[in-house]
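One chain, chain A, links the two complexes that follow: it is found with chain B in the first and with chain C in the second.
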Partner chain A sequence: MLASLRTDLEIARRGYLRYAAYPAATAAGAFTNIIFGLMRGSVLLALFAERERIGAYDAAATIAYVWLTQGLLNVVALWGWQELALRVRTGDIATDLIRPIHPMRTALATDYGRAAYQLIFRGIPPVAVGVLAFHAVLPADPLVWLAFVASLGLAVAVSFGFRLLYNLAAFWTTDTRGTMILALVVMSVFSGFVIPIQFFPPWLAAIANATPFPAMVQTPVDIFVGVTRGPAILVALAGQLGWAAGMLLKSYWVFALGTRRLVVQGG
Partner chain B sequence: MDEVRNLLALYRRLIEARLRAQLQYRTSFALEISGTVLISFIDFVAILVIFANVQQLAQWTLPEVALLYAISGLAFAFTDLAIGHLDDFPGLIRDGNFDLLLIRPRGTLFQLLTADFQVRRLGKVLGALAVLAYALANLSIDWDLGRVAMLVVIVPVGVVIFASIWVTTICIAFWSVGAREASNAFTYGGQFLSQFPINVYDQWLRRFLAYIFPIAFVAYFPALFILGKPDPIGLPDWLRFASPLVAVAAAIVASAVWRFGVRHYQSAGG
Partner chain C sequence: MPAIELEHVGKDFVVRRAAGRFRRRTDVVHAVSDLSFSVEPGSLVGYIGPNGAGKSTTVKMLTGILVPSRGRISVAGLVPTRQRTKLAGRIGVMFGQRVQLWWDLPLIESFELLRHIYRIPSQIYERNLSAFRQLLDLDKFLWTPVRQLSLGQRIRGELTAAMLHDPEILFLDEPTIGLDVVARQRVRELLLSANRERGMTVLLTSHDLTDIERLCSRILIIDRGRLIFDGDVDTLKARYGKERVLVVDLEEPGPALQLDGARVIRVEGPRQWIAFDGERLSAAQLTAAAAAQAPLRDLTVQEPEIEDVVRRIYQERL
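And then the complex of A and B:
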């Protein structure tokens, strides 16, 4: 058990190091996240010139929302990930299948390493700008921080499960770009990244909340900005846990189906 | 004159070759086009959600913002179609492949711009046209020759402004490996900025992003003219007609920065 965990940690460390190889690109990316934060913040704050609050969001919560979502964008890989699809297309997946560790487990551990890197270097800079320049309020209660970290960990798992699903389409179609683009559109709107789900008209919010997408962004953000509080946090975490388990099991099952029909040419 | 004709003919042949290549896989092409149409709607969904909560945003109504969105969307879509692959230019520098372009008998920028032509990006044009139709159907504009002319002229002018910003900022690649990400802040960022009335932004942000990077001239000032709307921040009226001049100036700056970059390019060797 312990040895197995050590393997996962080592794989995660490699995932982290892979992203750490390009510090200049990371710095430039964080700069871009900040510029978008400035613009999104201005637009959403203009709403509060017209009314006091929208759903449970007031101006202060919205400021925190903007800077936190700018920080989390890369952590939950909202702009897509097609590594596994490419490995299926090139046939490299055959090598992965020979290895003593399930490819999904390797990919998940790598993804946690990636997420940790993105959290530190792409996540903290926008939030720091939000706090220093726009008085975004950080949670004061250590328990809220704890819940936020747990929620973020689950958000990465839900996002990973979903990304895996659209990657696995590669077992059935040769080109997955189209599928991925469609997946990204749905993910960025319904996760609450583009605009908080509480701003949606009720019917649209109901649709969003019936999908796993809010569990990728909106749930941890609501905990952080204090819109979800008290016992409701436990309910939110339980919901995320359900989605994470569901998405991972589903992709595990699809993966098994896919490998059964996989034919790798040559060798 | 002959040289221009020669370049145009070459451009057409190169683009036709890219087109043929991309139409080889019909199903995936259709999927990508429809995906791109949807992507171009993401920000408009946000605008619709905003106006589900308020009647006005910084004194602009939904159809008025839709007009801004459509003008900026059209200009950006055509820019992206023609030169969006400039985003791959930093990779060319990093791998040392830019040297190949330097030894060929055409301008480097010309070779780069003709290197690709992603037809799926037409999806963004379709998305923007749909929003334009919505805006025009819901606005009561007092159409006259000037307004029609402005609407026709402003799209190519916006393309020149966006393209100049793209070329200028991607030149960071001559000095740093983070060029693509940094340039995105001003290209995609510029598109985002121009979708909204610039009076929602703070003054310092307006100065930096709307005037130094002249993004306000893509949609904001021309839209004020088309709508016959007084400027909420009270800037002078002549700015509404300044976009073509601004575009020329931006293009001059972009070409100067590009030449400066090429002169300072040091090959990766090998």
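And then the complex of A and C:
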């Protein structure tokens, strides 16, 4: 058990190091995140010219929302991830299959390493700009921070499960870009990344809330900005846990189906 | 119990290709048709055949990453596709043309990670790693990211990665691709010692027949998905390489000699190459017959080279 955890940590560390190998890309990315934060911030704040609040969001919460979502964008890999699809297409998946550890476990551990790197180097800069230049408010209660970190951990798992599903399409078709682009559009809208789900008309919010997407962004953000508080936090975390388990099980099953009909490409 | 056993194994690929503008045709490629053989523990087997013969496909089935279309496979007593993860801990696999190391990380990081993935005990890891570092001369690039390695350097790394955990059975698909002569020789020594000292079963494919000749006590040749030869190098040469060549230098240039049971295959000035069947005629008899026709200054006998033998098999589809 302990040795097993050690293996996961070692794998995660390599996931982290792989991203650390490209610091210039990280810096450029963080800069872009900040520029888009400025744009999204001014657009969303305009909505509050005529009213005090939309749903549970007021202007202050919205400022925190904008900068936090800009920071989390890469942590939950909202704009795509097709590593596994590429591995299936090139046949490099063979390498994962000859290891005495389930490829999904390797991929998940690697993804947590990636997420940790993105949290530090792509997550902190936009939030820092939000706090310093726009007076975005950070949670004061350490328990809220704790709940936020747990929620973020679960958000990564839900996002991973979903990303795995659209990547696994590669087992059946060699063109996975189309699937991915569709997935990304749905993901960025229904996760509450573009605008908070509370801003949606009720019927659309109801649809969004019936999907796993809010568990990837909206749930941790609502905890962070204080829209979800008290015992509701526990309910939110339980919901995320359910989605995480569901998505991982589903992708595990699809993976098993896929490997059974797997055709490893290339000599 | 054999280390590897195949019974009537086959693998078909269904490929769709365009036929005309809108129609698509479905073709079935029989990558492996009907393959049966078994390998005893501790053997070093060379698995050769022309391009597209089905070698890599076989290795993929044996390691559990391709599901066979028919037949039965057992490796280390396990069914590869059904017990893949369990089998993975006991075998080592290397595909020379594929990158199995972690591309963005220094080579040593891949080894460290494999140590945890395979749960290699410290002593064994240290012992193996230092042996490989020395034998394959890894130290110069151990801390270099894999993406910056030359082909030969990467291959040396891949080979180390496949063997760090002391596998019982090692599958190597073109393990010497891109290696220089020194590295090639080192790799051969490495495989021989792993096989002799640790009883590691090795199945390797290679297009370098010197590898095969130096290493393998048994050769399997496949062509179009079928086994066409199973035996050792001497048997192979005896069966397909009966032709020896007598090279004679005449005192002065002349027409091609006329000899019973032999034929002149090449003439270059005073030098003539005479091919003959080593089982029907001895070199001494032939020399005497040649000397009777024209005075000789010098002569040598060329034995069949494995290259020539195998080329004949591939070309003439014997």
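Going forward, the second predicted complex is superposed on the first by the 264 of 267 C-alpha atoms of A that agree within 3 Å, B and C clash if a C-alpha of one lies under 4 Å from a C-alpha of the other, contacts with A are read in each partner's own complex, and residues count from 1 in each chain.
Quick note on the criterion: contacts are C-beta pairs under 8 Å (C-beta built on N, C-alpha and C of every residue); 3 or more make two chains touch, one makes a residue touch a chain.
Every value quoted in this text rests on a predicted model; they were computed, and no experiment measured them.
**Student:** Contact-wise, after the overlay, does A:R260 reach chain B, chain C, both or neither (first, second, both, neither)?
**Tutor:** second
**Student:** For A:V149, select first, second, both or neither according to whether it touches chain B, chain C, the two together, or no partner.
**Tutor:** Touch status of A:V149: no partner.
**Student:** Once the two complexes are aligned on chain A, which partner has more residues of chain A within touching range, chain B or chain C?
**Tutor:** Counting contacted residues of chain A, the larger count belongs to B.
**Student:** Tell me which partner A:V185 touches in the superposition: chain B (first), chain C (second), both or neither.
**Tutor:** A:V185 sits against chain B, while chain C stays out of touch.
**Student:** For A:A232, decide between first (touching chain B), second (touching chain C), both and neither.
**Tutor:** Neither partner.
**Student:** Touching A:R99 in the superposition: chain B (first), chain C (second), both, neither?
**Tutor:** second
**Student:** With the two complexes superposed on chain A, say which partner A:I35 touches: chain B (first), chain C (second), both, or neither.
**Tutor:** first
**Student:** From the superposed pair, tell me which chain A residues show up as contacts to chain B and also as contacts to chain C.
**Tutor:** Shared contact residues on chain A (touching chain B in one complex, chain C in the other): 22.
**Student:** Which chain B residues qualify as touching chain A in the complex?
**Tutor:** Per the touch definition, chain B meets chain A at residues 25, 27-28, 30-32, 34-36, 38-39, 41-43, 45-46, 49-50, 52-58, 176-182, 184-186, 189, 192-193, 196, 200-202, 205, 209.
**Student:** Quick one: which bits of chain C touch chain A in the complex? Just the residue numbers, please.
**Tutor:** Touch list, chain C to chain A: 13, 56, 60, 63-67, 84-86, 88-89, 91, 93, 95, 97-100, 102, 104-105, 109, 112-113, 116-119, 145.
**Student:** Which residues of chain A touch chain C in their complex?
**Tutor:** Contacts found on chain A: 3, 6-7, 10-11, 14, 17-18, 21-22, 91-95, 97-102, 106, 260-264, 266-267.
**Student:** Tell me, which parts of chain A touch chain B in their complex?
**Tutor:** Per the stated touch rule, the residues are 22, 24-29, 31-32, 35-36, 38-40, 42-47, 49-51, 54, 173-175, 177-179, 181-182, 184-185, 188-189, 194-195, 199-201, 204.
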